């Protein structure tokens, strides 16, 4: 968050197979598979329901009310990337709209995660370009001050390094460090493998109390039943 | 909110006919029929639009970041119940997802009202299991500390006693004390009976000023018209 | 915000052609065309997605928890108007529901912008009557205290004079002073004329950096590229 | 929260010795002594630093923007009471100022806890009448609608029954149910007795890790030290 | 809020005697004397307790993160003025510190009301220059974009016209339109004249219920006492 | 934020002279000297006014409602350190009180910066141990889950690496990377050297417009004066 005015062109992206594969599991499963870390703050919300993406992060640090660096980051996008935008101070302005989305899509971006506002949401919805933002606002921005591209940033409370994997859906946005992507993919896969069976048993009326063997530890913790 | 570590198994639920009937009217009408009390704070929002349910409350008190008691309350659900979950301190974690929803549905629950976060909202939407929550978050919870089931709780600013009727829809969540359910049902019915006629007259261009006889009291209150 | 108890019956509405035409461009374009002023705070949100309206403002000032003046303002609505409701103190109560919407529609209103809460959102969605509000709440209001109609008000941080043009859509709500409506309409038109071409070039992979000639000023501002 | 328009004149107050004694320990110790329940939400703040009081609750339920019931509750105050004021919906208006404080003090009240706003804070500070509120606001209130006195209320997220003990200081506001006051007083005393010794040892440089024997359980939990 | 890039040099200030006199009464009394309008939102707080000022408003409209116009408004300050600073979008940056305060004091300003952040609060406290702000923040601002001076602005939800009277103290900030200053001063004086007598009676134990004759209207409103 | 369960014992602290010297300038000057980066979010507030400290960061990552690691970090404190505490999810609980402060002081800590709540503020004020927190709350915490010590953390929106310099006062909290401490110290010194002269000239009535030569660029930016 300290280095202003630089664009790192060559970043080491997470393994493509892992980056792509993590999207299958969604943010909740991936978050669990990581040991319950890596989640951005829940004030980030998708601009329309139903999107689920994963990809490699290219990061951009912008100033409040100034989206100049959005054009700079566009050039650094490779297919399969997700842009992660951090701001040096709280701001709800609409940094991103349909023109930038057109450009990002043309570069192969899969989505945008921004710790600020977004606009043209109807157009973005029609284009199918998903954005996770903290506000929706018509307020435009200027192009006057430079920030940085592909430095480590803090977005919605979480550190994101360029090349990390981003997994985003209706439940939120999770960051998986590039070096952990393969391991987390495997852990997520195992986690989900268990779930189908559990779901079937719960649907059949089996209680979690019994399925997970919770009755004894609950009693030991002092839980009392009163008729 | 004081008694920790207990599960009350036998609660007195509100009259079933009243509990079921109140859902027809929706939270706004029921709130009015109660004399404008009983509404939870409006930060509780449904995870998808269009749901409207009513049912009898089973309550659960949980700790921040700990959803162990969700499994305990599952066993206490009877068909027609709505689970009301309160937390001992502010928390936005995702206490509830598709597995628990599967279990709750198998027990006959009609929905969940939780003063915290929810996850797996895409799955829950597909399953048609409505949740009113104050956040959506992938953040998982642990299972380490016991709370209580079926004690009086404060959920989103409102006291809920086990067995009370919950009415929830796009407009919010209302609590009707079990002992008042019949009376409120009747009052809601009368209120709505009037509305069809009013709606027709308003649609025909009659002004509320005239239909409700407001011109005289407004003038008496000092309202002046200036051309 | 100072004159209580008055209803101005004759207001000077913005030019009808301009008021109607501005809706084509949406709040983001109109906000830019005005020089990036006039936007209400982004906490105002539409109760359902996809609505886009423009119209002339009739204003109403109400007290917290009291919607009496909603009936007074209804009479002052002319076809093509949008009601703008301000409250003398922060309040999230549901001032407006399906009955008032029926009346407003019968008078020719195109929507409501309210710095408070709204209810009956399912009905309003079905009726296609758009509302921009800061909350959704079942909480009803009383009819005890008079406010004013068609005085200048502050709604969500922005001054609105009766007769001003309101442009509202998924991105937010913009106020265009009546005297500027024509000029802004023209500016918005020019702005949008440019956009189709830009969009095509961006979609073809041209970068904003090149299309807007940003490389030189960025370098001058000190931007460095690191490989 | 449901019964409007009633004033209960005879309430059962907690034991006086316990109610008075709990103030010695402060809200943090009392909250711990209760098993970490009973705390109001931390948005309640004292209007000036340094006050610490305990007393028995007389409760009042008011409507947004209406302080009529403040005069009704004044009559029900007995020496040693603390008034607990709840509102039927969120409101920051200044319900309470120097005149009411003069009256409350004349009746023997030790303070006010209000889930809304307060004003005349300079006068109240000079008078030494402590108030815990969620806002400070000049905004006055009307006297038009009746609420209730000495019914159970929810104040800042916590149930308060008339006669319960309130402990309030710079750290917050805790509610002790009347029936538990003696037990909690004893537990608080024991808790504090331990603290002097602990404080001395910590001041001498002993680590909590050693004093509390935490090294083994931390190691067992998997904590690793890296040089 | 619409005219950018202009500085009005000659404004009509409220009557000096009225502007100075209103400060004696404080924001709560003045707010009541105006009929309970004119109050800025209560999120504005003084940076230190105990200040009470009144004066005539010079207004300035700034952009987020840009305090250039603070230097422009300094020149327009006349002795007895209070600067009212509005921002075109939400911002908590520290627009104002000890250097600007030195300049403002040299020009005769009595204080600053700003709908954004302030810094150097320790210095400002020592200098005795009061500021009402919505945040305290070290974050500095740039000097790149022009706004306006002495146009009507919206500050913390309230319209302020240049020359209006500002009354600010621990309870908040009230705006009195220049044309009403004399009338409000008189009304405030009458209001306060009554208060000394009331205070004495309340201190002697007389209840507001009796002093204001509230028992009959309360009974008529349906209030019931239960023993 | 990813590595749980580790304690780094040997961290590289910033140069002591620089770490100590930065405190002379305060957070606003240091923030400017760094190029306006490094500031934590302004919701962090000191528990009492007037404290100003600088020191080297030892970091701790804790879980919501669990302060076990506070005892672990105590052992890693060296004289001149400031503890920086981050939480894995939003929490306002009171993680820190007079006992821990006694221990921290005995180890030579100069203060605590915590992205959560604090309690015993009266005692801490008397002890003169400054804390910057986002809440004050009596709510106690448990000791059940391990986090980490001296890993990079995000605290109030800013990355903090162990050994970085923290500068905290009434205006906020700034983080200076260890490698930049000397440079920033020098820049801060130069900045302040200029200020005494500026202050004197402004106090003498010179306008910033003239002192900074702003009239020409303002005119060039289009500023118009209207008489």
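Note that the chains are named A, B, C, D, E and F in the order they appear, and that numbering of residues resets to 1 at the start of each chain.
Quick note on the criterion: a contact is a pair of C-beta atoms (placed from the backbone, for glycine too) under 8 Å apart; a residue touches a chain by one contact, two chains touch by 3 or more.
Remember, it's a predicted structure, so these values are computed and weren't measured experimentally.
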Other chains in touch with both chain C and chain E: A, D
Rotation angle superposing chain B onto its copy chain C by C-alpha atoms, nearest 5 degrees: 120
Distance from the mean Cα position of chain F to that of chain E, given in whole angstrom: 31
Between chain D and chain A, distance of the C-alpha-averaged centres to the nearest whole Å: 41
Geometric centre distance via CA averages, chain F-chain B, whole Å: 43
Multi-partner residues of chain B (each touching 2 or more other chains): 36, 39, 89-90, 92, 139, 145
Pairwise chain contacts under the document criterion: A-B, A-C, A-E, A-F, B-C, B-D, B-F, C-D, C-E, D-E, D-F, E-F
In the complex with chain B, residue positions of chain F that touch it: 63-65, 89-93, 139, 142, 144-145
For the chain C and chain E complex, residues of the former touching the latter: 1-2, 4, 34-39, 41, 88-90, 152, 154, 157-159, 177, 180
Residue ranges of chain C touching chain A (in the complex, touch as defined): 26-28, 30-32, 36, 39, 42, 45, 49-50, 52, 169-172, 174, 195, 198-199, 202-205, 207-209, 212, 214, 218, 221-227
Touching residues on chain B, where the partner in the complex is chain A: 5-10, 48, 68, 70-72, 74-75, 92, 94, 97-100, 102-103, 105-107, 117, 119-122, 125, 135-140, 143, 145-146
